[in-house]
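Below, chain A partners chain B and then partners chain C, in two separate complexes.
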Partner chain A sequence: MRAPLAFAWRSLVRQPARAALAILGVAAVGALLLDMLLLSEGLVLSMRELLDRMGFDIRVTAVEALPGSGPDLTDAPAAAAAIAALPGVRAVRTIRSEGVELWTDTVHSGGIFLGVGGEPAQLWTILRGRDLAAGPELVISEYAADLLHLEPGDTVTVRASCDGGPEAPPPATFRVAGIVELPFDTPDAVTAGTTLASLEAACGVTGGIADFLAVASTGDADAAAARIRAARPDLRVFTNDEMIGLVQQGGFTYFRQISTVLTAVTVSFALLLITVLLTVSVNQRLAEVAALRALGFSRRRVVLDVLCESALIIGLGGALSLPLGLLLASWLDTILKRMPAIPAQIHFFVLEPQALAAHAALLAATALVAAVYPMQIVARLPIAATLRNEVIS
Partner chain B sequence: MTDGPNGAVVSAVGVSRAFSMPAGPVVAVRDVTLTIAPGEHTAIRGPSGCGKSTLLHILGCVDAPTSGSLIFDGRDVAGLSDRARSLLRLRHIGFVFQRFFLLPMLTAAENVELPQAEAGVAKAERRHRSLELLDYVGLGARAGHRPSQLSGGEMQRVAIARALANQPRLLLADEPTGELDQVTGEHVAALLDRVNADGTALVVVTHDLALAGRARRVLTMRDGRIEDEARQ
Partner chain C sequence: MRLGRVPRKVRLHLPDMLALTGDPLTPPGTETVGTINVALADPADARAFAADVNTRTPGVFAGRAIRPGSNGTFVVLERFHLAIAIVTIVAATVFLLALSIMLVDERRGTVGVLRLIGLPSRRILLQVLLEGLLIAGAGAAFGLALAFVSEGLINRFFQWRYDTALVFVAVTSRVAALCVAIAVPLGAAAIVTASWALLRRGALRLARR
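Moving on to the complex of A and B:
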């Protein structure tokens, strides 16, 4: 009972309905706060995770632009060979994407055709079937497989249209080797992947062009990137960290700004809620506090009781806000992912220790600041005058 | 703690207490000199607003005189920090209030334990002493009851047990029977007599002539001054 927390708990639950409302209020506000914190870095973290998952930590492009968004590399095979020969480089893949039409006996669809130079391709995860082997084979996204009713072993007719190639190359027949998941595919993406050579053959073009090169270092991406820059100063080299930096400059900051504003609003709301509740609670028991002071309770002790009460409300509400916030984040993530052109594996809300730590720190600071005014009331309480007023009233 | 140089528990020397009011200062206590000896039983009576409670608050170190000095056990209270005054009240002064001020969320025993806990008494010891004190005030069987389950007289008896929790040398009671009917007030008054007979100095502020009449020394206040002192 002596422990201030235990005493504060007894004080809190003497008004169970008010305590429950306060805790639920903090839980709701805390859930929103958690979601804002998850949102502020969620896209970036999700993007980073996808980049890392692919196993390549460096991208090489022709200009200062995100891979796939700028002009092509015109001497891709030579650049890939030169980079592969550098120390600290484990693997290089040449990536080219073009438009494609795919059809079976009954279904026809347009989509994206990925050509990957270097083996194994490593750009996708096999869901069913196997990876590419020799011959005209391709892998397709799950959505494409469903749309075209394809399974591993089936054949599909392909007409690819490449930059610099004939406008209407003859159709080619490919065997479906596997159904795959591509990290940056949207849920309704019709994507097919094959070797770079097969893509070029389908297009009727000779080699040399690529969107970008994906490079895997032996461990030190920065050192490998520096070597590539030194060897090919005409190319632009990005580590995954630098890619994320580019992505953040390119519009992802909206989410951070929105979440910062909403975080400030939710914290302010929590602050006001707790301050009002504690102030009302303290004002209702001024005479009791004065009596405790008369009995010898120190000013520090009665102030600590108020702080502990604030900490309990915030602590319990904060703990409750975690499952509530995660549930809400999952629901909001589902809604946001319905926006067009959002990769299926990208998440807007990503749970990470830093966000949890920030959540806890913000709530702790809120508990402290919210208790300042009621603590002041208690600290400055004139004992004799309060006891006298109580009798008069 | 030992008695002061003159053997007093507490001495007020020429104390006055003025309050600032919008219409001008109001002097509640004027130049009062008073000594409470160990084991003494004193009643302070007088009409409403004569300064009885203010004087009691000054003697109990919860209010400070605007002039004059208060010596508790030989120490000038004006020189003590807020923390030191709190400790002095905790260890040496017990308060009984007209409205009891028991904490409603605690049981009778827990209310009695509270000042002991603040004084750092070990849990087992304070539990034992609380039950002893509740037995002393005749409420041993009600230790687990909350204030809402007790009558007014029982609540005041618990408040007396709480005031005695740290074995104070001085017990101050402000209208302790003010909220009670006559019979219950009699029981509480008898209990206070017993506390005094067991060695605790007692100062009671009251309107109640019967309660005041139980004291060996009766001070009558008017307009902030001690107008009369009678010893029985």
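Moving on to the complex of A and C:
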């Protein structure tokens, strides 16, 4: 195998311009192919990583909908207490979100007010300052801090607008404990987080309502989810895997389908062009191939030379396509993340071994299939007639 | 009824719509609306205007609307598709150049003879340019035909997948003109560039004499 490879390499090096252009072309197509493979699962993988990172593996909602998108849980404290008492459950958090108006002396803005019940209530990552302590304190997102010119220790006036509460509850003053990063926050979200008790106080209501419960199991999420379903059959229980399933049923399938279409187009494009390049190249070297056959090269050997040439072009282009593809993915990710309501920590392109394996397999198949027609030309080449034609011409 | 299942749209004046859909028990003038769109004399004042409304009217939240050309979902998707189109054009150009070099190289003997019998390089280059324009034009026409066929297939697939009458791919005259405007000069330029490199060599060398 080394001899045909070396021979194919010499054929490529003899025509450096065309070889370099062919390799560059494969690199560009390969980069696009890699990106489409990364895109097909990227959003789902990124979502899964984010869900896992939050430390909860079960969500409990009132209906079969993504947390926050369906109706509220109406007996959240009782449900949380019942679930916390179940074996296999390590912790339960009650999550409630409401609309809020925040203002300082100079700036005013609307946003989301998040109340978290349960101890410890660390749904966020502290960037500056500290976490919530006793009293009317809140943490805010980085964007909200910039917009409202707030730093840890400052005070902010809050007016919450809550389900089941008075239409215009009196404004309340909160102290900013810290600036935080929330896992599903969008880059331009004005989000404030506090304890559930403080949120309910700001709303002027007593406890009871929540968007959903976040549950951490002791290890076996499926078993814990089954116990919760048995204890509270009126509620909907989702493990992280089931949440991903719900997400996949939603609008995110668009990117998978567009990536499937573009993968098919890209592979067809590469196949067509490599076939044309190899065919033209072989047709230009028919006399040379015939001479080699006359000198004693076997039919199998010259066919193998063509296959090796195809493999070299696609192999070198494919290797070059990896860094190119990652750069391109980073650019495309930046473009797509400007879509409204996309959390800052979600990525559309996620590098994973399966995508790399699929990329290598598709390129290898392309190299093989693209070489079939030129190999046929070489295999069926009449030696004497070709040499005679060459001499006459 | 599913949203977008039937592609029909009815527009009414707001009073007529309220007359059709309003609750007769609701006193006139107390109907609610979800959103009020405001067009400002100077769009640059949007942020200040929104802040003013928010301060004066508690319970109402005013914010700048997403401007056309800003970061709406479809605008972002358009940019994404444009980025993919750019990469595809780059890849196609590189391949085209490789192919052109090979095709021109194949005709180096013929070009050498033409030069030897007295045809100037400019005349040969013009011939190559015309040939390139013809090939690129034919390729662009074939590409457009392929696009029109795939437009129907892709739309049917996504309309079936999402159970909607929305159109996902539309090969408009503007898009078709843009494709031709890119493809034909690009194809012709690739052939001329490859030929130019060849014509710089001497006639005898080209004719291998």
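Observations, loosely collected:
The definition used in the following text is that the second predicted complex is superposed on the first by the 391 of 393 C-alpha atoms of A that agree within 3 Å, B and C clash if a C-alpha of one lies under 4 Å from a C-alpha of the other, contacts with A are read in each partner's own complex, and residues count from 1 in each chain.
The criterion applied here is as follows: a contact is a pair of C-beta atoms (placed from the backbone, for glycine too) under 8 Å apart; a residue touches a chain by one contact, two chains touch by 3 or more.
Just so you know, these numbers come straight off a predicted model, no measurement behind them.
Superposition of the two structures on chain A shows chain C fitting alongside chain B with no clash. By the touch criterion defined above, A:261 lies against chain C but remains apart from chain B after alignment on the C-alpha atoms of chain A.
Touch criterion not met for A:369: it reaches neither chain B nor chain C. In the superposed model, A:18 makes contact with chain C only, not with chain B. Contacts of A:390 after superposition on the shared chain: chain B is touched, whereas chain C is not. With both structures placed on the common chain, the touch criterion links A:296 to chain B but leaves chain C unconnected. Our angle of interest has its tip at the CA centre of chain A and reaches the CA centres of chain B and chain C; in the overlay it is 70°, to the nearest 10. Residue contacts after overlaying the shared chain place A:340 against chain C, while chain B stays out of touching range.
Applying the stated contact rule after C-alpha superposition, one finds that A:287 touches chain B and leaves chain C untouched. Set against each other, chain B and chain C differ in how many residues of chain A they touch, and the higher count belongs to C.
With the two structures overlaid on their shared chain A, chain B and chain C come no closer than 12 Å at the level of C-alpha atoms. Shared contact residues on chain A (touching chain B in one structure, chain C in the other): none found.
Listed in rising order, the residues of chain A touching chain C in the complex are 17-18, 21-22, 24-25, 28-29, 31-32, 99, 101, 103, 107-110, 159, 161, 167-168, 253, 257, 261-262, 269, 273, 276-277, 280-281, 284, 328, 331-332, 335-336, 338-340. Within the complex formed with chain B, the chain A residues making contact are 1-2, 10-11, 13-14, 287-288, 291-301, 383-384, 387-388, 390-391. On chain C, the positions that touch chain A within their shared complex are 51, 54-55, 58-59, 61, 63, 66, 71-73, 76-77, 79-80, 83-84, 87-88, 90-92, 94-95, 97-99, 101-103, 105-106, 154, 158, 161.
Listing the residues of chain B that touch chain A in their complex gives 53-54, 57, 60, 62-63, 82-83, 86-91, 93-95, 97-99, 101, 103-106, 110, 113-115, 117-119, 123, 162-163, 166, 174-175.
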